[in-house]
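Naming follows writing order (A, B and C), and every chain is counted from residue 1.
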Amino acid sequence: MKNISEKPATTKKEDRKTSIMQTALKLFSTEGFYTTTMPAIAKTLGMSVGNFYNYFSSKDQLAKELMLYISTVLGDKLREINMTDVSVKEKVTMIVHMYFSIARERPELIEYFLRVFLSNREIFTKECTGMVCVSGFVTELMLFFDEGVQSGELKDQDFFSALGLFMGYLGGMVFLNGEEVLTKPLNEYETAIAENIYNALRKQ
Amino acid sequence: MKPRLKVLWLQGVTCNGNTHSFLNYPHLLYVLETFEFLYHSLLPSTYTLEEISTCVHECDILIFEGAYDPRMERVGTSLETLVGHYGSHAKYVIAAGSCASFGGMFKHSDPEHITGLGFDEKEPKGPFASSPKLINLSGCPMHPEWMGYTLRMIADNKPIAVDELHRPKELYSYLAHHGCTRNEYFEWKVDSDHFGTKEGCLFYKQGCRGPMTHASCNKILWNDVSSKTRVGTPCFGCTEPDFPRINMFETKTNMSIPQDVPVGISKRSYLTMAGIAKSFHIPRLEKRLIDDDA
Amino acid sequence: MMTRKWIERIEGEASIGFEFEENKVSFASIAFPHFRGMEAILQSKPAMDALVIAPRVCGICGHSHLFAAVRAIESVYANSGFPLEISPKAQILRELTLSLELIQNHFKWLYMVIYPELSHLLQRPIADSCRLKGAYAASLATKVLAIFAGQWPHSSYMIPGGVTCDPTYVDTVRAMGILDELMRWFEKEVTGISMEEYLSISSAKDLSHVSGDMRDIDKMLRTAKMHKQGFSYDRYMVLGNHGFSNPSKYMHRRMAKVNPQLVMLEDPYTVDEKTYAKNALYQNNAFETGPLARAVTNGVPFIKHLHRYFRDSTYTRIMARSYETALLLDHCKTLLQSLRLDEPSFIEPSKKITSLSEEGVGIVEAPRGPLIHKVTLNKGIVDHYTLITPTQWNLSCGSPQTQGPAQKAMIGADSIETATFTFRSFDVCSVCTTH
């Protein structure tokens, strides 16, 4: 697996790739995934279309690498939290905070995940089956849950029922926020949400 | 002819499973030619146990089978006396099986008093704790070839390197997982969804301890022909100090994530690999190995 | 006055106290000093763990304990209203590996106990390598067993609902090859005549055709007058249901049905020695169990013939066990040939074991006779476990009025040595007796 953020982007080519991905993410979130074409991305970056294809041979490939990139960014943050020596309860708060901060600071990352990855599964069938493209993030969540159960704080249950509860909740809040239906800024919900999640996952 | 090395095979709290396992050894004739058994419960021996219990003889190698309870008596003499006498004169003390090595199954009949010869589970304890003489051939039972190897190395004056639990490295550096016929299923995370099939790996559901267990069961096959995992029985980790564990036919998971992962591999690396491997559907591994309809 | 003697090499030790009258044994009390508390170890364990723990009751008949344990758990299912379906294939495999365990046991007993002890008794020492014959033949039997069960000793391949293995014909062909080799070895070393011929003998006279070690053993047994001593109650008990056994009792020269619920345990009679073995009785009566009991109740012609002439003498008892080895070898061959591998090995129980709170009883014929495992589960956890082993019948220790079969058989022996030899004819296993 290519792990984009773990290897420092030393080479020019890597730098360029990252900046292409950032631009593509922005365009996808403002213009929509299907309407944004490869030449349009190249044009925004001031690159020739031919040169652009040296970096990503197809839109499918770009789409997949973007998901890997996002999963790695989130996975790295989660890993830091996992490595912190605090209670599982505090970690839940930290994860909620981390997720909402990213949603605020780099909304295109979360949006891509919610609007493109989850709703256009057909583009990802080939090389992104199952959890391959989100494994960086999912692995860290597994470690978090595993530690929670081992320490006796969390209830032992099926992984997906816990994952759905946690990520579905966070994703839903970000979605509502994006639709501007929330009455308060997202971060003001953090404490209540963290508490709800913890109570739902906690060993009774 | 060289004088034969004197071996005494003593039994503590045991089921005699190691004795019977050793009788499967294909080269017993070599053993009898090279070693003189002062006493063994079934092989030709020089003395009776009653004569042994007088503690007037000496042996070069003490083989001890079963858990160690100093108060237990064999024909009227306590194990403390017997093991103390014969062990102090012997050049090597071989713990045959997991009970003798770590306490094993029969530690559970009196956990307070019973230990192995040199370990109480994984803590050094017992009459040969930290003794350089001690060689642990853990396993419930131990494999006959493991004893055969140890005896021959001793007879040939060759050094036997041991791990921190005093087990010969050449036998216990392998994992039971090495050489299992289900390895490819493990690699691609194709779990066996129920018992009784030759396909699928037993790691996720059936409790297989192969990747966490130091033993060469799938390298040196049992009875020369098979092993637990080859016949669809999970490895129970019987060579490790924590045998017998609880719930041995089930894998301990936390939110579907296995609590234990292969020795020396971080859970993060394991889950990353496993997550990816699991994403692929490999029809060849998902169907029966041999097509019945063909 | 009582003379105490340690009896060794019986899967542990026993201590027998002999009383003599007119230079003949008038009473013998048997004590087994070692105790491990297997039943307590099994307590509070998840039911499935019993399949790992139970085989460790005994290193020589652990497979029988596995079988009894799995039957006990299956009986819990049945008593809870969810009888399990066991495919014919799984049933055949279970019976095959059990039979192979009996075979290895009998070979070891014959060559590592009876042959050398008999030679010793008659002061006609045999070569060390002779004992190894027992180990060699036993190792071939366990090799066949391991093809299906993974290993011997201490396999756990029988589980509620079937077996864990899924053999191919490559495995059965291999098994057949090793079994053939063992049978050829048996013909060459043990009987000197073909298996077929040996299996068709029906009288002591036919034994004159036999030329292998069996002939030597037969002659020595008669020289030692073993056909004139070692008599016990001539009452037999078989409880395990297999292709090679017929659950029934034999008493007053008549066969009758048995009800395992009438098996009872009683404290042993002790004189001056602590013993941990409880006596197994049926309606207050002592019964002999094992190969002789199986042969009499199953009507094996040759053994029936010997029994008619020599009743339950030490000779008959020894011949019965030796002969059973051949019967079982033949049985294994039939079983292997009848295996249909396209059947399932395992049929998943419809209920989780953790939902069951019931009692169950599992009975099998172990090398030395009926082996009973009784279990009570509480939500799948062992609440109570009781083991009744075959040696608890044969080696039970009663008072002079309530003697056990082996005790009674030793009466009249002219020396401790001959009495001890008769004791060994029961194939003594110390670890099973006390567990």
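Everything below uses one rule, namely that a contact is a pair of C-beta atoms (placed from the backbone, for glycine too) under 8 Å apart; a residue touches a chain by one contact, two chains touch by 3 or more.
Note that this is a predicted model, so its numbers are computed, not measured.
Q: Please classify the inter-chain touch graph. Allowed labels: line, ring, star, complete, other.
A: Basically the chains just string along in a line.
Q: Please list the single chain whose C-alpha centre lies closest to the global protein C-alpha centre.
A: B
Q: CA centre of subunit B versus CA centre of subunit C: separation in Å?
A: Whole-Å distance between the two chain centres: 27.
Q: So, what's the distance in Å between the C-alpha centres of subunit C and subunit A?
A: Averaging C-alpha atoms per chain gives centres 65 Å apart.
Q: In angstrom, rounded to a whole number, how far apart do the mean CA points of subunit A and subunit B lie?
A: 47
Q: Of all residues in subunit B, which touch subunit C in the complex?
A: 11, 13-21, 23-26, 28-29, 32, 41-44, 48-50, 72-76, 105-106, 108-110, 140-141, 194-198, 217, 222-233, 236, 238, 244, 246-250, 290, 292
Q: Hey, which residues of subunit A end up touching subunit B in the complex?
A: Counting only subunit A, the residues touching subunit B are 1, 79, 129-132, 135-136, 138-140, 142-143, 145-146, 148-150, 154, 156-160, 162.
Q: Where on subunit C is subunit B touching in the complex?
A: 6, 8-9, 11-13, 33-34, 36-38, 40-41, 45-46, 48-49, 51-53, 56-60, 62, 90, 108, 112-113, 116, 128-129, 131-132, 135-136, 138-139, 142-143, 145-157, 159, 161-168, 174, 342, 344-346, 348, 431
Q: Any idea which subunit B residues touch subunit A in the complex?
A: These residues of subunit B touch subunit A: 253-257, 259, 267-268, 271-272, 275-276, 278-281.
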